[in-house]
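Some structures to go through are shown next.
Below are two complexes that have chain A in common, paired first with chain B and then with chain C.
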Partner chain A sequence: MFMQMVVTGLVLGSIYMLVASGLTLIYGIMHQVNMAHGVFFMLGAMTTYYATEVLGLPYFAALLSLVLVFPVIGVAFERAIFRSIRHIWLAGYMATVGVWMLMEGLGWQVFGTEQKAVSFPITGLVKLPGGAVLPLNKLWVGLIAIAIMAGVYYLVGRTALGRQLRAVEQNPRAAELMGINADRAMAKGFALGVTLAALAGGLVSTLYSVDPSCGSTPMLKAFIVIILGGLGNVTGSVIAAFILGFIDSFGGTLLGHQAGHFMGFGLVILILIFKPSGILGDE
Partner chain B sequence: MSLALLEIKDVKAGYGAAVALQGISLSLRQGERVSLLGANGAGKSSIVNVISGLLPIRSGEVWFQDERIDGRPAHRIVGLGISQVPEGRLIFPKMSVWENLELGATVLDEAEQKSGLLEQVFELFPRLAERRKQMAGTMSGGEQQMLAVGRALMSRPKLILSDEISMGLAPVVVRDIYDTLLRINQEWGVTLLMVEQEAKLALEVADSCHLLESGRIVASGPADEMARSELVRKVYLAED
Partner chain C sequence: MRLSKKAVSLFSKVMMVTVLAAGLLAAPLLASSANAEVKKLKILSNNPFSGKAASWGFSQDRGVGLAVDKVNKAGGIKVGGVTYMWEKVRCDNRYIPADAVSCLKRGVAQGIRFMCTLGGAVTKPQIPLINKNKIVTIAAIAGGADFTNAKNKYLFRTMPSADLTISIEGIKIYKKLGVKKLGLLTADNVLGRSDAKTLKNALKVNKMSDILVAEEFVPINTSDFTPALTRILAKNPDHIEGGAWPAAGLALLIKQARELGYKGTFTNLTGAPKVGPLVKIGGKKNVEGVIMLRLWPPDQLPTKAFKEYWADYRRLYKQDPGANSWESYMAFMHLSAAIEKAQSLDPDKVVAAMRDLKIVTLLGELQLVGKDNPLLPGYGINNQYTSPLPVTVIKDGKPVIYQ
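Here is the complex of A and B:
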């Protein structure tokens, strides 16, 4: 029981980590609070479902297709909707809310109301030394999420593209003086962020059934995470994601599903009172 | 073909309703050192930002190496060979010295060229070599200014625009940085356009100087002549 709660906490945490790190990247680079983030999670889940269960693609090929398709979708959304109103904060925010409402509504029309599930190619159980039994697919999902996150760290921390993204985040004007097209860098940051959300959706679709509103809860959890971790701070988000994962897992199992939610938001209230900048945020 | 490296013709520019430049014309020859002198708000920084593409112009023309460059976005100016050392330095504080320098070379594509330049910058500023792994934001103001100059060099510029290098720094440090800029001018042949509030410095480090007042050039000439001129002495050198 205990080990199961630990593993569930890790898996939930790793999913929150993917959703939240995308959200915090977008916030850090564009100063955009992306209320449409859950939409990309949902679209990732749906794409995975149709690619595997309808078109018959292998699961990992479907996951890979998300990495190819969602950067393009992200850039398209950024260009078409968010770029022109980015400098008006409230308009930009409301535009993301609008995209959320619109896409979720369209989702019910296009994908229908029935719950969809994707089967994970690796099945079976693993017995732990303590006698606990864990489903292999959960472990794999957690491991894949962590591997993706390692890739993000490499991309942002070690490559020329990552340097350019961080330069724009720290000072767009100075970045322009270096010869960096700040607008284009922001579009790339947005594309990276929503691709992470889509991947999270693709992973979650193998653990829970999904529908067109399935992105909302992970997005709200991700907001808790980025406030806990410190806005714009990716490492803070990673730590906070696992804290929230454990809270949800232990609180949910021991005290009931609603209690898990309640405790997460309660923690945010406490953080906002005692350390408003978050765990790793600047003072 | 003209002999000028940079030529600004009757440029007018502003921010919203505020007019910053009311018809500026000036030109720089290859290898020249020119300083812009004037009070706060006279338009010195606006000239630099017009050239860099950060401040759009309302009328007039900007030419660089016989190419018209006004209207181009800032990120497309750097590649032509114009690099700015901005006011307030604007280094990237949460990145290492090395990363800052690497970003300065964004417009270069050859790794070999970059590493050669990096060696040269480290030779000019040994302090930066010592601190290559340090977070830029944790360095002293003088070191950050060195980094801003070094970063500007990393795009292999033909023209460097510097804006208020002396701001907030100890005189010894400022002297040091200007000495290095002069070396860059003499050894690399880089043309310099320097905005400098400190009139004495502005006249010392430049061959020629333009004096600005409310968006207009009111006096120009060789630096030694300007230093002797009545107007400059009275107002800017605070002599009686």
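Here is the complex of A and C:
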């Protein structure tokens, strides 16, 4: 059972990491809490469903299509809704809540009420020492999530776009004085965050069912992760995602579901009391 | 005698004014008389239309909707010279107890006296308001005497209670399968807890208590059952009862259990999940052999009326109906007939008429039972609808009657 809990913790952690990474990027760059993050998760899952199950595209092609489509959707949302109000924190927050409610409600009308499912092309399981089993679909989802995060690290740490994003994150005005178009950089950062949410949706859609509210629970987990890890800190989020994954797995298995849930929120409360900036957040 | 032109003109003017005045005076009277002929009668559809339980909610709402159309097309309900046409008012409770209570409060404020709802978890907190405001309620709820009892005289259960599904059919199935180690994984809500209690009592009565090796409760919106399943599978069950889940929940539970290497059997005694989404989400191979109650295989429908209902539902909604739809349809037809029989909208007169009334509907004769029935202990009141209870098993991705 111990090995099974470790395996489950790693799988859950990698999923939480991917969902939270987009949220923390957007917060880091725009200092905006995006309550609509779960909507992009849901749209990614729905797009994957329609691409694979309706249009008949191979799963990995559908996943690739998210990388092509969602940056455009992200830029469009940023321009249409967030740019003009991002300086007013509360207005931005309420706007994202509005988008969340509106899109979820519309989702039930547009996509219908029937729960949907996406098939993962690789099935089967691997038997591990200690009697644990690791389903291959979960192994692949975890590996792809880690690969995507490696890509994000490279993009943010080693590319011109990453330098722009980091400059804007540190001081938008100073970045503009250095010749960086802060508005454009923020739009790109937002698009990246949205694309990560959609990719998380596309991956998780193969593990769970898909409906218009399927983004709500992952978004809640993502908020726990970014508070634990330190708002806006990607590395902190990665660490926090795996901590939460292990808490959910060990807590849920050893003490029952409610206890696992309580432990996750309990940890957030403790962190907020003793280190409000999170594990790797700036004081 | 000839009248002068002046006199004719005066006479015609007087006549015109008289006719006009009479018309003006009569118009409101005629209008009020016309209004008195046809009135609207509202039924609140207090259901989940979003969230994981939405498939249940739409199923009941559509069943009642088809019944509303049927009654209205047949001329409505005639009570004391007044014709009432049904109007269904929807409120999305998202399968959240507080939202369901809010929906009911809004309905009461609008003067609504009839309601359909479902799910013990969201019906339980509505009961005080139902009783206080005398809301005649048809409800798809499991549980037993905790819902259906003499105190809750306005609450009518459309589906078979847990005393029938779990205590009788469930035990029969477990015996037939030869279950040696049973694991229960159900929803952490009033319904799931109530079902678990009924199951334990039934096992005790049948001297089978020792077969229950594990019981777990997780929220109804759970997507990842792995921790709970890990706890259950550690006890090596050969059978898992997936209790109060809609299709998606049960499908994920089964899929994840199979992914963890579980090779035993499954039953679902309460949820009556729709088979299409169950197979699609759970995977055809994984859900093979799952045994469920209350579901009719589309090619084994028992009556002509039921076949017509099935075809109407499919034509309108492009999918097969769920159990909640036809059970609620039948209960609504019974309610409509009872109002006409009572010749009153007074809730007490309507419920009194419902208790003695038998009607023939989709699955044959429909009536209410519960009082002095040894199979329904503690009910003490005829508020439980009866209808045939099919047992089905999934074979090759399709439901067939379980022999």
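The rule is simple: the second predicted complex is superposed on the first by the 282 of 283 C-alpha atoms of A that agree within 3 Å, B and C clash if a C-alpha of one lies under 4 Å from a C-alpha of the other, contacts with A are read in each partner's own complex, and residues count from 1 in each chain.
Criterion: contacts are C-beta pairs under 8 Å (C-beta built on N, C-alpha and C of every residue); 3 or more make two chains touch, one makes a residue touch a chain.
Only a predicted model underlies this, so the values are computations on that prediction, with no experimental measurement involved.
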{"item": "Fit-or-clash call for chain B and chain C when the two complexes are aligned on chain A", "value": "fit"}
{"item": "Winner by number of chain A residues touched, once chain B and chain C are compared", "value": "C"}
{"item": "Touching partner for A:Val133 - first (chain B), second (chain C), both, neither", "value": "second"}
{"item": "Centroid geometry (CA): angle chain B/chain A/chain C, rounded to a multiple of 10 degrees", "value": "140"}
{"item": "Chain B versus chain C as contact partner of A:Ala174, first or second or both or neither", "value": "first"}
{"item": "First, second, both or neither for A:Ala182, with chain B first and chain C second", "value": "first"}
{"item": "Contacts of A:Arg158 with chain B and chain C, given as first, second, both or neither", "value": "neither"}
{"item": "Minimum Cα separation, chain C to chain B, after superposition on A (Å)", "value": "39"}
{"item": "Overlapping contact positions on chain A, where the chain C interface meets the chain B interface", "value": "none"}
{"item": "Chain B contact footprint on chain A (complex, rising order)", "value": "160, 163-164, 166-167, 170-171, 173-182"}
{"item": "Residues on chain A engaged by chain C in the complex (per definition of touch)", "value": "1, 4-5, 8, 12, 104-105, 108, 113-117, 125, 133, 135, 137-138, 207-209, 211-214, 217, 248-249, 251-253, 256-258, 260"}
{"item": "Contact set on chain B toward chain A in their complex", "value": "52-54, 73-76, 78-79, 83-84, 86, 90-95, 99, 102-104, 106-107, 151, 155"}
{"item": "Sites on chain C touched by chain A in the complex", "value": "49-52, 54-55, 57-58, 188, 216-219, 221-224, 226-228, 230-231, 234, 247-248, 251-252, 259-261, 276-277, 280-281, 319"}
